[in-house]
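One chain, subunit A, appears in both complexes that follow, with subunit B as partner in the first and subunit C in the second.
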Partner chain A sequence: MAEHAFLLDLGRCIGCQACVVACKTGNELGEGQQYIQLIEKTQGEFPAITTGWDNHRCFHCTDASCVAVCPTGALYKEDGLTRLDRDVCSGCAYCTQACPYEIPVMYEGKASKCDGCAATTKAGGTPWCVETCPSNALMYGTREEIQAEAHARAEALRARYPNAHVYGENQLDGLGMLVVMPDDPEKLDIPIDPKVPFMAASWQTVVQPAAVGLTLGAALIAGGAAVIARYRHEQEVEELEAQGVIGNGASSSEQEEG
Partner chain B sequence: MTTEKVLERAEERLTTAEKLPLGDREILRYRKRPRIIHAMLASSFLILLLTGLVILWPALSGLAAGGTTRWLHRVAAVVFMAVPIVYLIVDREGAKELMFDSFKYDRDDYRWLKRVWSYAFGHTANMPKQGRLNAGQKLHHAAVMILSASIVVSGLTMWFFMPSLGANGQAWAAIIHDLSMLALTLLLVGHLYFTFVYKALSGMTRGYVAIDDARLEHAKWVEEVEEEVLGTAAAEPTSQN
Partner chain C sequence: MARVKLDITRRSFLKGGVAAGGLALMSPTASIGAAGGMLNARDPWYLEGPIETTYNVCDICPWRCGVIVHSVNGVVRKIDGNPKDPKSRGKLCARGQGGVSFMYDPDRLQSPMIRTGDRGSGQFKEVTWEEALDYVAAALLNIKDKYGQESLAVFGHTSGDAWFADHFAQAWGTPNAAKPSSSLCLSPRDEAATLTYGSAVGGHEPVDWDGIEAMTLIGSHIGEDARNTVMQDFANAYARGAKVIVVDPRQSSVAAKADYWLPIKPGTDAALMLAWMNVIINEGLYDQDYVAEWTQGFDQLAAHVLEFTPDWAAGITDLSAAQIRETAQVMAASRPRSVVIPGRHTTWYGNDSQRMRSTYLVNALLGVYGREGGMYINKSVYLDSYPYPPYTVTGSSGGCSAEPGAETESALPLGPTGKARADGVREDFMRGATALQELIDPMISGDPYPIKGLMVYGTNLLNSVPDRERTIEALKALEFVVAIDVLPQEHIAWADVVLPEATYLERYEDLWTVPHKTPYIALREPAAEPLYDTKPGWWISRELGMRVGLEEFYKWETIEEYLDKRLVSVGSSIEKMRAEGGIITQSGKPYLEDFGDSSPFHTATGKINLYSEELAAAGHDPMPVYEAIEEPPTGYFRLLYGRHPVHTFAKTQNTPVLNDVYSENVVWLNASAAEQLGVDNEQYVMLENQDGRRSGPVRVKVTQRIRNDAVFLVHGWGHDSPGLTRAAGRGASDTQLQSRYKLDPISGGAGMRVNFVKIDKEGV
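Let's look at the complex of A and B:
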């Protein structure tokens, strides 16, 4: 399948929570388990206040920290989205710490996050949140479609919100969730330039292969060398026995005298 | 120590051909309790190694799926951490002696270390005489203790403080944990290497090793034990001064 993406238009989101409910119901999530959280953010002082909704949900980063640290491959990239196979998850919780958006959480001992409705979309359907959004703030499609739509919407929004722009084209090599952002993302506590932590990235690329490689290499070399060394030691013992230094010819008292 | 006690102890440590099924002269290397402690350490370490390896080696990651190995890892970790405590409880003297011997080096130890390659390739002749532990074993013990401390601290950090570690904290803890285990595993490879080359396994299974082997590799220790057995009667009067 081609690269797919979500569109999230924060100029249109009315915070109705319909996506939250549809996601929970459609994906049959457990009690207390949520892939989407809508958090109201308010700025300014009454009466001059502005509010907005932080859609706290997976941004499907191309350069995904969670995938970089996942030891079992339970988290992986597919069609531009970040999938999660909970059956494969070992529950190490590395992803909960690595994500710059703090998205994955542990639920019943395993990681829990949006997987882009993998099962639904593969069957030809639309993700539950997109299907249900009453204000047309969500869309799902190929990355090209979504990119064009996002730019058109940001352009239209600029008449009222001069800072309106598309968020997610450059962050972490591009997000699978393009956001029409009416204003500064930090007003919604969304980082402008999130980064994969260096140490998180080096675990899988350096430490893992080095540790496994060195261990196997050392075991192989030591195994070969041990056979040779044991043979040489046996030869030495034979020589010493022939000389009477050890073995039946040499008792402990003789040794002391010698 | 009275003569009777010394002889009793020596009897236990130095055995004769008539007493042993193999017919060779053997010497008691490790008593039962240290052998049990060693088995506890070895088995927990191997379980920790295997249950850790499944999340380090992508080809094995299928085995970690579901989280069973994660729980096994924690159970084995508790056993591993309990080893020094159990050692002190069941064999206080032995544990103290091991600590003491492991950190005390003499001139022969330094000279021995300079020639360690010769020993590593199977040559004991011309090696300086060694005590109960050779200098390599002393270094090995020190390294195991330090690395065990770092692996326990980083492991407990991930076990109990994961939610507040942050991305870099988590990565550091995991990397310290992995590198400590890498070093311990390399030490294990060396440990098995010398066990194989010098046929030392029986010391940890039955407790006895061939006295001829011991004389080549731990001459000073054998002399000490023989002193206890053969020299006690002569030494008795002077020891009462």
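Let's look at the complex of A and C:
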């Protein structure tokens, strides 16, 4: 089956937050829980300024460090996207530390992030954010369709923004969300070359092999590993939370009006 | 790819029914095998049972998108745009998505109530509808007997307002029916349009976005005012490469996308427009054939703008002459596919009709009206009215849903006891829809005659009408106040009787008839039974009418009967509309060539009035001039206000899901001004205006995105009604800080950007 991907066209996005609320209502997210946040980023001094919106949401990396560090399999790759099963999440919060884009957060004791509207798309629907976007800045389709559209849009956008390009073809073995980026991604505080943290890489060599190819037994092993790991790192996580390195809610105070 | 597999019970799939309608989800059971894999643990709402769909018209903002409402087991779960609707085209904004949460807000008014404590105390007893309606009817008849029908004012806002501010008021016989959407918003725009090209702009601005090549926005905030259609149209035009010029003291969302952002000094827009006309005329950039055929007064205008050079305007606007000249050239290069967009909220400085006229004159020079890619001519819907007897008084409430040309007659309509509108029209201002804020003084002073009763529907009086203290004085002076609303807004505490209305998702409504490129009719039908002891507006209006002797205006027994009767004239019915997707579209006549030898412009000459004889005759400048406005005193900033994309008016701040995304407003303060004042980003401050009115605490947003002579607040915050449990005490109220306004002498609009505030760091 062809893998799927999202397109996010920041040339078109006008920061209206329709996606944010469509996601919250379609997925019936809880109070304080958001999978998408629009964060205003302004460069320069009045009046010579540029402003854009970081559509802060899961990039669905192929080389997904959140998946690599997840001890229970709650995070996993499917159809090119990074899924999250909160029923299986043990709440260890490793994913919140491992993600180079700082996407997963803890919500009510478990990880919280966009799962690509797994249930909705499997029932034949379109991801809620894509369905509603008034600016047509979001698309969902096979990776080939999305790639072609992204390049066509970036090409057209170069008439206005000479540095316009497609972001996400090379980062972390390719992102499940390709971004039409009008300019340097660092202007939106999005890293040009995101790195899988050392911790995530080491997890891959320890936990992952135990899980490969196994079924229920592996789940028990992985679950057991999670319990042990969680015990060993509980204190560390608390400390990180206290320092504000990892969040204990989904909503960030960075949220600003556009 | 191998990975850990866990056994998740797929009961959620198995119990689901077959989805129907616009959601386009497949039968869930059929999809399991193909998709495989795991799901988020929680059962998605759409698998809980069969999805029922109903058609509706969104009420969350005044734009009124056609929507499809999805319910499961009688509970409303999700709202999407209706693909057949010419406004939503299947999409929906953040606010519209919040409609479900608006309906299920536990803070809603739940039962009819009669006041037991003092006015303003918020003390009520719950009563039956029978008791409440009888009480209101007796009070209304008492006012009629003592003072005449004209002494009842009716204010209406939101999508059921026509049942009260139009139908009930006109049947009852008061000319004092008003809507904030007129004199607190659109009046200058629409009166200037009527004076210039013969008709109001209309609720759906007739910009021909599909072919537009350049757009100029004057303080218009696409993306923040969040009109769904306009965001779609803008994004498509922008992606096509259409040029964008934005004139705004603040780098709004759309200014951030602009090719040219002109951070103009507030209140000087007319100077810029005059200089643009100077360049367009003197450099021969105007559409000479169009101007010759379709306008009158060109020679006078050319002579008039001769002295208003870019150099002259530069000194006034804080823009450079080169910038002014270049943008004029860019605009003209794309004509007639180049439009100064009419905008919407235009009550700014009190000189607003003249400013709006200047934007239309630029458009006329560019040959925009009736041209492809410019402004099309919108056409009204063909649909019969319900066969009522003639109304007791002709209406003039205007509003965003009004048909063009609401009030153009020189003789004012008189009520049954011979009294015309009490808002000072013809004396204090020239013409236009009834000016809501001008009806407040007569409530206090009794001049020109007493207004003793107030019926207020869906209008947050204390968070939308400037000079809040004056409004409270009026609320104290009135003999009788009845409020019909969904939420316990601030003014509810001042009512004698409160009638709780069902939300738009729980009621039928009159048909929407939208003048448009393709005029259309939209249906609203209930998606669920009304919650609590609430009733639809049409029902409340009818029950009151039947009790005060207006039976002949409410001959229909049910709303379905009323709607079906109207739909006969277009060969349709509620059932047929349902079957056909909730929308009936008719054909339009958008362009000049569709009119043959006749003119689409309803002016006396059939031409666009560059020079206005009507204005000259009424003692106003026949062509726009620039007049300087009062500057903020030292230490004060001009208070600008606008929208956040997630909230509407003073209405949605308490809506749980929208409040969750944006839970308080912030005051935008220029970074260097903040540094001088020693104010940090996110610091809470109080705002105090020139008259000592205070509001806050409110967080400061230190930003490069605004000039240093103005601050900006999102409108509608600073609620203090304790019944609004999420919104109360959050942010600052711009209305509280608007203790004064400047009356537009042409349209009666209340210019509200004439207030100044200082930042108080200590009194938080």
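As a convention for this text, the second predicted complex is superposed on the first by the 203 of 258 C-alpha atoms of A that agree within 3 Å, B and C clash if a C-alpha of one lies under 4 Å from a C-alpha of the other, contacts with A are read in each partner's own complex, and residues count from 1 in each chain.
Convention: contacts are C-beta pairs under 8 Å (C-beta built on N, C-alpha and C of every residue); 3 or more make two chains touch, one makes a residue touch a chain.
Quick caveat: nothing in here was measured; it's all calculated off a predicted structure.
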{"item": "Partner chain in contact with A:Pro162 - subunit B first, subunit C second, else both or neither", "value": "neither"}
{"item": "Partner chain(s) touched by A:Thr42 [first = subunit B, second = subunit C, both, neither]", "value": "second"}
{"item": "Partner chain(s) touched by A:Val88 [first = subunit B, second = subunit C, both, neither]", "value": "both"}
{"item": "Partner chain(s) touched by A:Glu31 [first = subunit B, second = subunit C, both, neither]", "value": "second"}
{"item": "Partner chain in contact with A:Pro197 - subunit B first, subunit C second, else both or neither", "value": "first"}
{"item": "Broader residue contact with subunit A after superposition on the shared chain, subunit B or subunit C", "value": "C"}
{"item": "First (subunit B), second (subunit C), both or neither touched by A:Gly73", "value": "both"}
{"item": "Contact residues of subunit A, present in both the subunit B and the subunit C interface", "value": "72-73, 87-88, 211-212, 214-215, 218-219, 222, 253, 255-256"}
{"item": "Complex contact set, residues of subunit A against subunit B", "value": "65, 69, 71-74, 87-94, 96-100, 109-110, 197-200, 202-203, 207-208, 210-212, 214-215, 218-219, 222, 225-226, 228-237, 240, 246-247, 252-253, 255-256"}
{"item": "Of all residues in subunit C, those that touch subunit A in their complex", "value": "1-8, 12, 16, 19, 23-26, 28, 31-32, 35, 37-42, 44-47, 77-81, 91-95, 97-98, 100-101, 222-224, 226, 228-229, 231-232, 234-236, 238-239, 241, 251, 253-254, 256-257, 259, 261, 263, 644-646, 656-658, 660-662, 665-666, 670-672, 682, 701, 703-708, 714"}
{"item": "For the subunit A and subunit C complex, residues of the former touching the latter", "value": "11-12, 14-18, 20-22, 24-28, 31-32, 34, 42, 44-47, 49-52, 72-73, 76-79, 83-88, 115, 118-126, 131-137, 153, 156-157, 159-160, 211-216, 218-219, 222, 251, 253, 255-258"}
{"item": "Touching residues (chain side subunit B, partner subunit A) in the complex", "value": "53, 55-58, 61-62, 64-67, 69-70, 120-125, 162-163, 165-172, 174-175, 178-179, 181-182, 185-186, 189-190, 192-193, 196-199, 211-213, 215-216, 222-223, 226, 230"}
